[in-house]
Structure formats: structure tokens, C-alpha cells
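The next part holds the structures, each set out as C-alpha cells.
The two complexes that follow have subunit A in common; it is paired with subunit B in the first and with subunit C in the second.
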Partner chain A sequence: MDLLAQVLANGILLGGLYAVMALGLALVWGVLNIVNLAHGSFIMLGAYCSWHLFHYLHVDPFLGLPITAVVMFALGYGVQRGLLNLIVRAPMFNTLLLTFGLDVVLTYLAQLAFSADFRAINPGYAGSQVHWGPMVLPLVRLGAFAVALALTVGMWLFLLHTRLGRAIRATAQNLVAARLHGVEPRHLYALTFAIGIALAGTAGGLYGTVSQINPYIGASLTLKSFAIAIIGGLDNPLGVLVGGLFLGVVEALTTLYVGPTFVDVASFGILALVLIVRPTGLLGRTT
Partner chain B sequence: MKAWQWIAMAIALAVLASLPWWGSDVTVQFAINALLLAVLAQGWNIIGGYTGYASFGNSVFYGLGSYGVAIAMVQWHLPFAVGLLFGVALAVAFALLLGVPVLRLRGHYFAIATLALAGVMAAIVSNIPLAGQNIGLVLPPLNDDRLFYGLALGLMLVSTAVVWWLTRSRFGFGLIAIRENEDGAAVMGVNTTLYKVLAFTLSGVLSSLAGGIHAYWITFLDPESAFDIGLNVKMIIMAVFGGAGTVLGPVIGAFTLSAISEWLSSEVTSIATLFFGVVIIAAVVLMPHGLMDLARRARLGTLTWRYLGENVRANKL
Partner chain C sequence: MQLKPSLLLSSFFAAIVAMTPAAAALAQDIVLGASVQLTGPVANTGRYYRDAYQMAIDKINADGGVKVDGKAHKLALKLYDNQSDVNLSVRQYTQLVTQDKVNLLLGGFASNFQLADSVVSEKYKIPMVQGGGASNEIFSRGFKYIFGTLAPASNYFGSTIQMMKALKDPPKSVALLYADDSFDVSTADGTRALLKSAGFNLVMDERYSSNTSDFSTLLSQVKAKNVDAVLVAGHETEILNFVRNAKSLAIAPKLYSFTVGVPSEDFRKALGKDADYAFGMTAWLPEASLKDRWFGDAEQFAKAYKAKYGYDPDYHAASGAADVEALVMAIEKAGSLNPQKVRDALASSQFDSLYGPIAFAANGQINLPQLVIQVQNGQVAEVYNAKGFVTPPKYPMPAWNAR
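This part shows the complex of A and B:
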């Protein structure tokens, strides 16, 4: 029983991180209708940004997150403005291909710049743990979970209550009507993508504290993000949070009861199954 | 087709058919690879180019074909031909079982569902002892590049003939109707589910044969290389670069891109990967209709630099 509680706790802590990973993907997909196959690569770049800050400038990985977010925000804005805006009206298939090409280029450049070695962000408190009832919770994972929760709820409030958030939601619903109300789509698209990439970068920084990073982690993270976004639906950050927690718990339980080599079967299987049974996401549309 | 086109085709065929007798070993090996990629691109062309369903699951068929041959030859000691049939049977079973639910999805959802299936299959196969789990299988070696070249060339010709047949058959017109407007096609009496599943299966049969030949030629396979999603993207980009939804486009795309990437990797090692990414991006932005459209424009005399700009302007925000 203690083991089950511990495994569940691990799953939930990991799930919070998963939610932040998928948050940016769901935002970009829901608003821009771009399925970003390079999403995992942006997570990877964020992780490297955080690692460099920590390794060379000795910035605490959690305090460094805003810096990573700003850097990734700028990168995201540039990519959308300079590249993705060129194909926004193309058939969806072209956007898939383009973002895959971007993924290949980013992975290659990362390998060139950072080498293929595994890196980890290990601050001084990396080994500290919190005992809570029968469970042992690593401090870093707890911190990552707290940041993830704060980001998700913050995103939800931002989309609901700020002027920019409303503009983004309006664009998602009807681009023409939003334009008539004074939304400049090129700028707004770039801003939305930039927010999505900043979230991906932040997720990458958190990922670097709980796991090892190398230039090739992107592809599987992209697929995981898809699974979460599909489970949670695209229109509500809180749905994505539920999706992330769900995937984290399922993966933890699969590892415990079936075996660690079946984790991918479980997560991709759920993705395929949810798509087949309920393509609008398990939680459906809220509007 | 005009007379000069027939002549050009005949010359191309003669060059391809006689290649093992005058080409070096390296050339023949390059050609086997390019031909198999052309088959994959052609297979994808049926479901992606003609039917309009962006499948990221064609690498599953390729993997099933590879494993069909490997399991039959290594575990059951059966001949190669039986292995090929076994691989095809696996691919057909997969297409019929999962085609029906997955092909109900449209657009992005179909693409991601097939992407997920590719991930599931790789993960499942790496847990099956019969398939050698993570380690993979080693096939009995057969050092006969001419045989493999002949098989690959034959398969490429068959798959091109199949696609050519699509452009002039009721079945093919049905697929094109589904691509252009699925609801409209259904209203006009096309059994869309049946047609889509058949197209998926047809594309799967061709891909699995290519996988089977490749497995016996390379004599080694593991789940990661057999179900590689990168390979799936390769077939898509080759089809799109040449011209998706055309008869010869995918073959031309496969040969052009293989040749360029081969040349690059011999000049500057490891840059071929980067090149692939850049070509994908440039092709999608500048010439989304492929080389065939470029050639058509050139014939009509309307090919100018403005063509590239027009493509960008048509799709940008």
C-alpha cells in the first residue's frame, strides 16, 4: 500500500511537469491551428538554456526560469513572425511538414552546439527530500510541481481576464471577427506562439532538474505533449493540467504493474484510443 | 503523353534496368536504397497524395513487412518469399483492423493518431520475444545486390503502375473526390469508408514489401530502425518534393533527394541531416506543389522567379 501511494505521488508530481510541457502545444494548436511537431525541440532548447545559466553563471535553476522564458519568448516570436506566418493559411499538412523540418534543424544545431552528451541540472539541494506520511517526495520534483501548478492556473487566469488573453481567445474563435475588432493577426499570432514557446522553455528548465537532457529528447516529449493535449482538450489550461496528471499517474502505474518497457505502449496507446473514441478530448469543449 | 516523353521514359527505364551491369557496387547500393524509398513515397502518395490523408503510420507497414520477413526466416526458417507474404499479411491485418477507426478522423487528428500508432507499434514489438525484443533480429546474409536491385526495381515499377492505374480508374477518382471534398464524395455515392480503408491497405502492402526487401538486404533490424518515424517523414517529403498526387512525382522526388543527400554526406559528413530539415522547410514555403508543378509551369512557359513569391503570398497570413 505504501508502495502504491509512493508511486501515485511520483506520478502526480511528474504529471504537473507534463502539463506545463503540453500547455504551450495546446495553446498554439488551439489558437493558431498549427500542430507544432518541433514543440519537444523547444522544450529541449529551454532545458539547455537553463543548464547554461546554471552551469556557467551559477543561476539557481528555479530563479533562472524567468530568464529562460524571456529568451524562449523572443525565439518563439521570431520563428512565428519570420517563418510560420508564411504558411499559416496553407493546408494543415504543410504546417506539419514545416514544423518537422524545424525539429530536424533544431535538433541538429543543438547537437552541434551542445554535443550529444547527457547533461543534468543538479543544484545543491538536488538530493533533499520531504517526508510526508509514508511518502518520500524529492524537493526538486515538489518545486517543479509547484511551479507547474502556478503556471497552469496563471495561464488560465491570463486567458480569461486580461485584454491580450481575450484577444487570443477571440482569434481562436473567429479570426475575421477579431480582425474587425482591431486585432493585428501577424503580431498576435507571433505573441501567442511566443507564449507557447516560453512555456515550453520553462517546462524544459524544470525537466532538466528532474531528468537528464540531451539533444534528442524532443521527439518523445512532443508525442507525450500530444497525448496530454488530446486527453485534456485544447481550449482550457485546466483540462491540460488534468491530462498531464492523468498521463503521469498512468505511466507510474504501468511501470509498477506491467513493467518499465511498457510505458510508451501505455501513453501512445491512450493517445490513439482517446483520438479514436473522442477526438475533442476526454474533457470535451467547455464553450 | 507526347512522343518525346515516351522516349525519355524508355531511356530512363533502360538506364535503370541495365544499371547493375555498368554501375559500381556503391552505385547499385545507392540505387537499391533510392528505389525502396521511391516505393515508400509512392505508397504514401496513394493515401496522402490522392486520398488527402496525411498518414504518419506508413512506417508501421514498413516495420511490419521487415519483421514479417525477419521472423519467418530467423525464427521459423521459412524461405524469403513466404516471409514477404507473411509481412504483407501483417500489414493488411493492421490496415483493416485499425484503418476503420483511425480513418474516421480528419486533418490533424488523423495525422497524430497514426503518429501515436507508430509509437505504440515500436513499443509493442520491442516487448515481443519472438521479434527479438529491443535487441532485434539478425537475418542470414545473402550477398547478391543484383537480386535485391531487381526486386526493388520491380516493386518500384509495380507501385508506379498502381498509382498510374489510380489516375484512370473509378477507384482512383473516388479517392480524389474524397481528398477534394469528403462529404461531397459521400453524397455522390462514393463508399468513403471502404475506399479509404482500401487505399490505406494498398499503400500498406507496397510499404511492407519494401520493408521486407530492405530487411533481407540489410540483414539486421531492430524496433527503432524498423518503425522509425523519421523514415515516414522522409517518404512524405520525397512525395511532396516531387509532387504529391502525381504519378511520377514521388519517384522523381525520391531520386533527387537521395542523390543530393548522398552527395552532401560524401562531401561534408553528417550535414545530410541538416540539409533534409532545410529542404523540408524551403520546399514547403517556396514550392508546396512540388517538382512536377514546376515542370508543368516550365512547359507552359510561365515559370519565373515570381512563382516562388506567389506560393508564399498564397499561404501567408
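This part shows the complex of A and C:
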């Protein structure tokens, strides 16, 4: 019983991290209708950004997150205005190709700049835990989970209650109507993409504190984010949170009861099931 | 920081140019071909082979080259980057043989690559000496043209298990965790049998998916089952995550040992102090007792390597350098560049190298004992070899908060 509780806790904590990773992908996909295949590479770049802050300037990885977010926001804004905007009206296939190419370029630039060596963000408290009943909760994972919750709820409130958030949702729902009401899509798209990339970068910073960083972590993270976005649904950050937690718990339970080889079978099996049964995500449409 | 497409593009081309090795000069006589992981997820191990091959070839050329029929020939390397992609690697070997017409082949890293690449060398009957694939699968198909200088995967944990029996207050329960690829499955099959005959109680035997990044659940099981010793056969990324997860969950078995990572400088750098107490194995340490025709001895090789490339070589690099030497010795012995003759000379190789004594079994694989090593205060210490303990092992591993 203790083991089950611990494994569930592991899954939930991991799921929180998964949710932040997918948040940006779902936002960009939902609003710009771009499945950003370079999403994982932006997570990787965010992780390197945090690692450099930590390693050279000794900035605490959690305190460094806002800096990483700002840097990645600027990068995202630039990439959208300079690159993605060129094909924003193009068919889905073109955006897939372009973001795939971007992914390759970012990965190889990262190897040139940072080498293929492994890095880890290892603050002094990386070995600290909170004991809660029979469960051991790693402090860094708790921290990452708290950031994930805060970001998800923050995003939700932002989209629901701010002028910019409403404009983003309006554009996602009906571009023509939004334009008639004075929304300028070019700027708005760039802002949305920038927010998405800032979220990816933040996720990268968190990822670097619990896992390891190398230029090639992106592809599998994109895949995972993709699955979570599908499972959780695109138009509500809370759905992404549910999707992330769900996937984290499913992976943990699969490892415990079925065997660790079958983790991907389980998670992508669920992905297929959701697409068949509930194509709008677990929470469905909220509007 | 606006990234213009043109800037991205030009950097991309710069990257491609930088990664393309200098074209092998045609004037040179003996061309060795290889496809190695210079980019992609295992690039950090692939580089050992590129650097070791180049260094051995430069050294041999500086020393007068290879003598065939009394005439000295220079060696050249034709190297492709397979981007850590097995399919690409097979295509590149086919290209090396059919279009580039290289004389002989060297391997890249990892068993799953050698397993596929050796089909090309077998088909075209060009001998390949590879120092990156240890899986028994590679050598169990009756192939005649593949030679390997890594000790068999099935015996990677052999010396570790012997050491475990010899420890004071030896561990009783053991967990065996392994990734689902050729090398690690081979390792696990061998280890399972060795553990059984040594009388250990195997309480966990789990195969995990090769891209696993989270080991919390497996570690929680290790704790719940009160496992004394954890043996992990996997890739360096997984081992790093395993150690980090263990620390974050404060799980410290009496010992853990890993098939990869421990001998690599990169691993110890990434983990810092947390790398301490990790056991591993290596068939090679840079010791002056390993004499070599070209480099003097292994210690000098390691020094020259570090000076040239800025990082310490590990057994992958030594194995790679030995591959070049094995080919050169075989060419000289055969007195010919004829692939069949070189193949036969390779099969009866017998010489001392910086990597150890080189001799291949009938299946083409070398057999070298694995030395048990442990990270102690950030340094790799040789703990146990065929003769017994060398440096006292730090055992049992203390709790994470007592370090």
C-alpha cells in the first residue's frame, strides 16, 4: 500500500512537469493552428538557459525561471515574426515542415554551441525531501509541481479575464470577427507564440533540475507534449494540466503493474483512445 | 534576439561544413572507412571513435606508415556522420564499400549499429574491426568479417558479481534493470545466469524502454523490496537520470553498478559529487604496463589524447585505437591489402596494444576481463580485478544525507 501511495505521488509530481511542457504547445496549436514540432527544442534551449544561469552566475534554478522565460519570450517573438509568420496562412503541412526544419536546426546549433555533453542543474537542495506519511516527496519535484500549478492556473485566468487573453481566445475562435473588433493578428500571433515559447523555456528550466540536458532531449519531449495536448484538449490550460497528471499517473502505474517496457504502449494507447472517444480532450470544450 | 531565417540558414550550412570531415586524400594508399555518431543522441560517445581513429592513424603515419611488401603506405580515414541513425549508418557503409572503395572498415559505437553494419561487411567480404559493440548477438551469427574489441556483454557484470561475493557483509538481494536494446538485453541475459550461479537472490528483474527518463517508480520498488545491490544495464542518459532520481528520493542501496557512464569524464562532470560511490566496469585503464608499438604505453596514449582533444579517453577510445592497430598489424602480417587475406590475418591476431592483448576468438570477439571501478571523491578508482581487491571499495554506500 505504501508503495502504491509512493508510486502515485511520483506519477502526480511528474505529471505536473509534463503539464508545463505541454502548455505552450497546446496554446500555440490552439490559437495559431501550428503544431510546433520544434517545441521540444525550445524546452531544451530553456534548459540550457537555466543551466548557464545556474552554472556561471549561480542563479537558483527556480529564481532563474523568470529570466529564462523572458529570454525565451523574446526568442519566440522573433521566430514568429521572422519565420513562422511567413507561412501562417499556408496549409498545415507547410507549418509542419517548417517547424520540423527549425527543430533540426536548433538541435544542431545547440550541439555546436553546447557540445553533446550531458548537463544537469544540481542545486544544493536537490537531495532534500519532504516526508508525508509513508511518502517521500523530492523537494525539487514539489517545486516544479508548484510552478506547474501556478502557471496553469495563471494561464487559465489570463485567458479568461485579461483583455489580451480574451483577444487571443477570440482569434482562436474566429479570426474575422476578432479583426472586426480591432485585434491585430500579426502582433497577437507573435505574442501568443512568444508566450508559448516562454512556457516551453520555463518547462526546460524545471526539466533540467529533475533530469539531464543534452541537445537531443527535444524530440521525445515534443512527442510527450503532443500526447498530453491531445489527451487534455487544446482550448483550456486546465485540460492540459489534467492531461499531464493523467499521463504521469498512467506511466507510473504501468511501470509498477505491467512493466517499464510498456510505458509508451500505455501512453500512446490512451492517446489513440482519446482521439477516438473524446477528440476534444478529456475535459472537452469549455466555452 | 531576432533570428532571421537567413542567419539560421547560414549557420546551418556552416554546421554542415564543420561536421564534414576533410575528404580523404586520394593519393594515400590505404583508406579505412567508418560511420560514426558525430551528432545525435549518442554523439558524446561517438566522438571517442572519431578522435581515437584519427589519432592512431596520425601516429602510425608519423611512424612511417604501414609496410606492405617492403613498401610504406600511408593510412587515411574516410569518416561519415551517421547522426546516431542505424539506417543511415548501413547506407553509409554500403557507400563506403561500393562507391568510396575503401580498403577496410572500422566500426562506430553501440551494438545495435554493429549488428546492422556487420551485415554490409559480411555481404561485401570486407573485414570490419569495431570497438563499439559488445552484444553477443553480433558474434553469434557465424559471420566471418566482423571483429570486435569490446569484451562480451554477457560478462560485463561478471567481475562485479565476483567482487560482491568477496565483500564484507555481502549484498543478498539484487535488482537487475536493463534497457530493451541488443547490448543491454545481452548483458542482462548473461548477468541473470551469473547471479544465479553465484547464489544471489534476484528480487527485481525489469526491462525498461530505452528512452525512459524517469526512474522514480522503479526506485520506489527498489526501496520497497529492500534491495541491497542494483545492477543497471543502460545508456548514459538513463544512468544519469537514475542517479539523480535516487538522490531526489533519498534511496541508497548498499551498492549500485552501471554498465556505462562511470569510466567517462562527462558522466562525473554532469553529476559532480553525486557520482561518488557508483560502481562500474572497464576493460581498460590508462596504465603504463600496457605496452604499445606506436604509443609506447597506455598512459602515454591517454596523455597525448587528452592533450590533443581536451578530454580524457575511456575504454571506448582505447578500443577504437586498438581497432586501427589490429587492422594495420593484420595488413602487415598478410603482406597484402586483399580483404580475404587481411581477414585471415586478423583472425590469428596476437599482439600487445595500449588496450591490452589483442586476440580474437573464433566468433570474432575479443575476451578481456572487466576491472571493477568506483567513483571515489570524483576520481575513478580500480577496486577489483582478477587477482582481488586493489583500492578498498567504499561499501556500503552511505545514505544521501550522510555524504
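Going forward, the second predicted complex is superposed on the first by the 287 of 287 C-alpha atoms of A that agree within 3 Å, B and C clash if a C-alpha of one lies under 4 Å from a C-alpha of the other, contacts with A are read in each partner's own complex, and residues count from 1 in each chain.
One rule holds for everything that comes next: a residue touches a chain if its C-beta (ideal position, glycine included) is under 8 Å from a C-beta of that chain, and two chains touch if they have at least 3 such contacts.
Nothing here was measured: the structure is a model prediction, and the numbers come from that model.
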Subunit C versus subunit B on the shared subunit A, clash or fit after superposition: clash
First (subunit B), second (subunit C), both or neither touched by A:Val88: first
First (subunit B), second (subunit C), both or neither touched by A:Val79: second
Partner chain in contact with A:Thr261 - subunit B first, subunit C second, else both or neither: both
Partner chain in contact with A:Tyr108 - subunit B first, subunit C second, else both or neither: both
Partner chain in contact with A:Val70 - subunit B first, subunit C second, else both or neither: neither
Subunit B versus subunit C as contact partner of A:Ala146, first or second or both or neither: neither
Touched partner set for A:Val7, first subunit B, second subunit C, both or neither: second
Touched partner set for A:Arg186, first subunit B, second subunit C, both or neither: first
Partner chain(s) touched by A:Leu160 [first = subunit B, second = subunit C, both, neither]: neither
Per-residue contact with subunit A, leading partner among subunit C and subunit B: C
Set intersection of subunit A contacts, subunit C complex versus subunit B complex: 83, 86, 102, 105, 108-109, 259, 261-262, 264
Touch list for subunit C against partner subunit A, complex: 1-5, 8, 11-12, 15, 18, 39-41, 43-44, 47, 84, 180, 206-209, 211-214, 216-218, 220-221, 223-224, 236-237, 240-241, 244-245, 247-250, 266-267, 269-272, 274, 400-401
For the subunit A and subunit B complex, residues of the former touching the latter: 29, 35, 83, 85-94, 96-98, 100-105, 108-109, 185-186, 189, 219, 223, 226-227, 230, 259, 261-262, 264-265, 268-269, 271-272, 275-276, 279
Contact footprint of subunit A on subunit B as seen in their complex: 48, 54, 101-102, 104-105, 107-109, 111-113, 115-117, 119-120, 122-124, 126-127, 134, 229, 233, 236-237, 240, 273-274, 276-281, 283-285, 288, 312, 314-317
Sites on subunit A touched by subunit C in the complex: 2-3, 6-7, 10-11, 13-14, 71, 74-75, 78-79, 81-83, 86, 102, 105, 108-109, 111-112, 115-120, 122, 126-127, 129, 136, 138-141, 210-212, 214, 216-217, 220, 251-252, 255-256, 259-264
